Amino acid sequence: MALHAVAQEYRQQSPLVFCLTNTVVTNFTANVLLASGASPAMTDLPGEAGPFAKAASAVLVNLGTPSTEQLAAMEEAVQSASAAGTPWILDPVAVGALPVRTDFARRIARQRPALIRGNASEILALAGRQSASRGVDALDDVSAALAAGRDLAQQHDCVVAISGQSDAIIDATRTVLVHTNGIGLTRITGGGCALGAFCAGMIAVHDDPFEAAIAAHGFYGLAAEKALKNSTGPGSFAVAFIDALSATDPEELKTLKHEELNHA
Amino acid sequence: MALHAVAQEYRQQSPLVFCLTNTVVTNFTANVLLASGASPAMTDLPGEAGPFAKAASAVLVNLGTPSTEQLAAMEEAVQSASAAGTPWILDPVAVGALPVRTDFARRIARQRPALIRGNASEILALAGRQSASRGVDALDDVSAALAAGRDLAQQHDCVVAISGQSDAIIDATRTVLVHTNGIGLTRITGGGCALGAFCAGMIAVHDDPFEAAIAAHGFYGLAAEKALKNSTGPGSFAVAFIDALSATDPEELKTLKHEELNHA
Amino acid sequence: MALHAVAQEYRQQSPLVFCLTNTVVTNFTANVLLASGASPAMTDLPGEAGPFAKAASAVLVNLGTPSTEQLAAMEEAVQSASAAGTPWILDPVAVGALPVRTDFARRIARQRPALIRGNASEILALAGRQSASRGVDALDDVSAALAAGRDLAQQHDCVVAISGQSDAIIDATRTVLVHTNGIGLTRITGGGCALGAFCAGMIAVHDDPFEAAIAAHGFYGLAAEKALKNSTGPGSFAVAFIDALSATDPEELKTLKHEELNHA
């Protein structure tokens, strides 16, 4: 598994990532994509979302702050992406805590996402298990959500990524833990949401979404480690993180700490 | 009045602040809440806003850029918050200058907000008095709006906070001026809007919303003073302010300059 | 042509710029306007957009992420601005790549904008010519879009500005190239979108929108050059750029490199 090669492809191809995402993180997400070398684009309008999902390299569906119209656009984008073979990523923000998105997420999860990315509480809730979330923050450990992640991966034939102290990347037969210090990302808004968009771009340029998700989480975490050193608080961390995404060399992924778990 | 104890409670309890706010400031507001120690969450969807207002520690209703659907969600959130006893805060952005929100603000103000927070022009307009606003910026002095603030406080049995060179916190029987140098906050967008969310968090953790609002304005202003020293313009101020919110110790509120006015 | 005098007027008058813009760049746009000395205001609500377009100094219509309701508000704002003589600016983001906005942009372009601002691909597409865009990024050179810009300028009796390595400002009889190093602006989101808002403010304070657009592009580019020197990546560039907009003296426009082309 040559993770650095995936990141090099990302830089070379500059994938066009179509994001249907929440109003809190649109700006940060677009800057994460630009800084890392991709091309972000947003539209939440039915009639545009469908055709654009066909043209884009990958599609992100993030349920952070849906409007009725955005939900319709998401539905259209997912159907169009599925039909066209464009990989799409589901980020089930606050699923379990909030009712409308929970139903919606369960329904579109059946439409073959390439990746479902969330925190432990969201993955537990999407899988229909008990979670301790009270909003958008995870109150569950990644380890507690591994079984739920495996369920989802097998049920939907997709990759599942669980963000936490270490990140777990799971598919039907494999589980890999990625170890970086991403503590800074938990102190700003959009750290996880923008990671979903970044994963979309990596998946667009590599034929194995499992490896692409590992590369994305690894690269993102290494950039977060640099940003932590170059900042004095969450405000300067967010700025340093964008700088670090641009400055990080794909070669650095050769030193990434990760381990494969036995898939029980 | 132990203001620093309120800020300590905020850090310990990490209140879940549900923000229905405007698209210009969502990111900054969420980062202000995270940096100061609270947990932000947003949804603007009817069907979600009601249940979430019940679960949240406090609710912010900011009228900066309402959509028809967001107004419906706000109405639902306010009714649910009132029924559940969740404190809610009204920030009547640009009331007086723009018609739809003006009617809406006057209507929901009757549903027992814990706090109404705005600049002098907005408070004057909400109280039905003559104001000089031409958009979202105040063209009136805080002193000119004190009587309007008292009217609103008595009429709605709530606290009223008026942001300006010094901030005025008013309830039915008391008026306190908080003196900090918040000039940096007037040079970036969202300084006032995010303060509304911060007040919501403070009010969630303390039984006297009047004291909580003083603590919020004081803490916020002290952080702004630090940020001004650590910045070279409005861009770096915004970054330094988020850092300062995280770095400021509740104990620093012991040195806050504030004075009680005679309530004529 | 005294470009610096236009920028001085902007600082003195602090124009009220009403922005109907996309959710990705609202915060950055508002901070660009505040830092440069203007007053930003947003509302996307029918019933408010019309009256506010009358009261504002200028109106920006940016088609980045329209909702059905925002499109209705834009239509209302444009009609009201036209009737009241308020100058309005059209930024046809991703026109050509996405269908709904393309039709909409062509229709409202007939309502006498003072300025149409876009990248080369957008200007080509709006003029009905072949373009190479694949999203929001230009894949065409400014030089390839000059003829399209002239067509639009003559057809709609307006100024057309094309952003690129050098920026072209075009009206029915003149074409000026503005030479600054704006490379940093291409590495962050919102660089072009916020420029549209800045142009709106400059046009509000000067009777010749052609000169005002040159002043806006020149001032913006000079600030971007400073920011590039004061930053280490795209994150710190965005921060330094806001600082630079605040710190740049209108007098510096006296050294702006620009040239008039022969209008074939």
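Per-chain numbering from 1; labels A, B and C assigned in written order.
We adopt the following convention: contacts are C-beta pairs under 8 Å (C-beta built on N, C-alpha and C of every residue); 3 or more make two chains touch, one makes a residue touch a chain.
A quick map from chain label to UniProt name: A, B, C = Hydroxyethylthiazole kinase.
Everything numeric in this text was worked out from a predicted model, so none of it was measured.
Applying the stated touch criterion, the connected components after subunit B (Hydroxyethylthiazole kinase) is left out amount to one piece. If you lay the C-alpha trace of subunit A (Hydroxyethylthiazole kinase) over that of subunit C (Hydroxyethylthiazole kinase), the rotation comes to 120 degrees, to the nearest 5.
Averaging Cα coordinates per chain places subunit A (Hydroxyethylthiazole kinase) and subunit B (Hydroxyethylthiazole kinase) 33 Å apart. Along subunit B (Hydroxyethylthiazole kinase), residues 23, 27, 67, 238-239 each make contact with two or more other chains.
If you check the complex, the residues on subunit C (Hydroxyethylthiazole kinase) that touch subunit A (Hydroxyethylthiazole kinase) are 22-25, 27-28, 64-68, 94, 97-101, 134-137, 187-190, 231-236, 238-239.
Subunit B (Hydroxyethylthiazole kinase) meets subunit A (Hydroxyethylthiazole kinase) in the complex at residues 16, 18, 23, 26-27, 30-31, 34-35, 39-45, 47-48, 51-52, 55-56, 67, 69, 238-244, 246-247.
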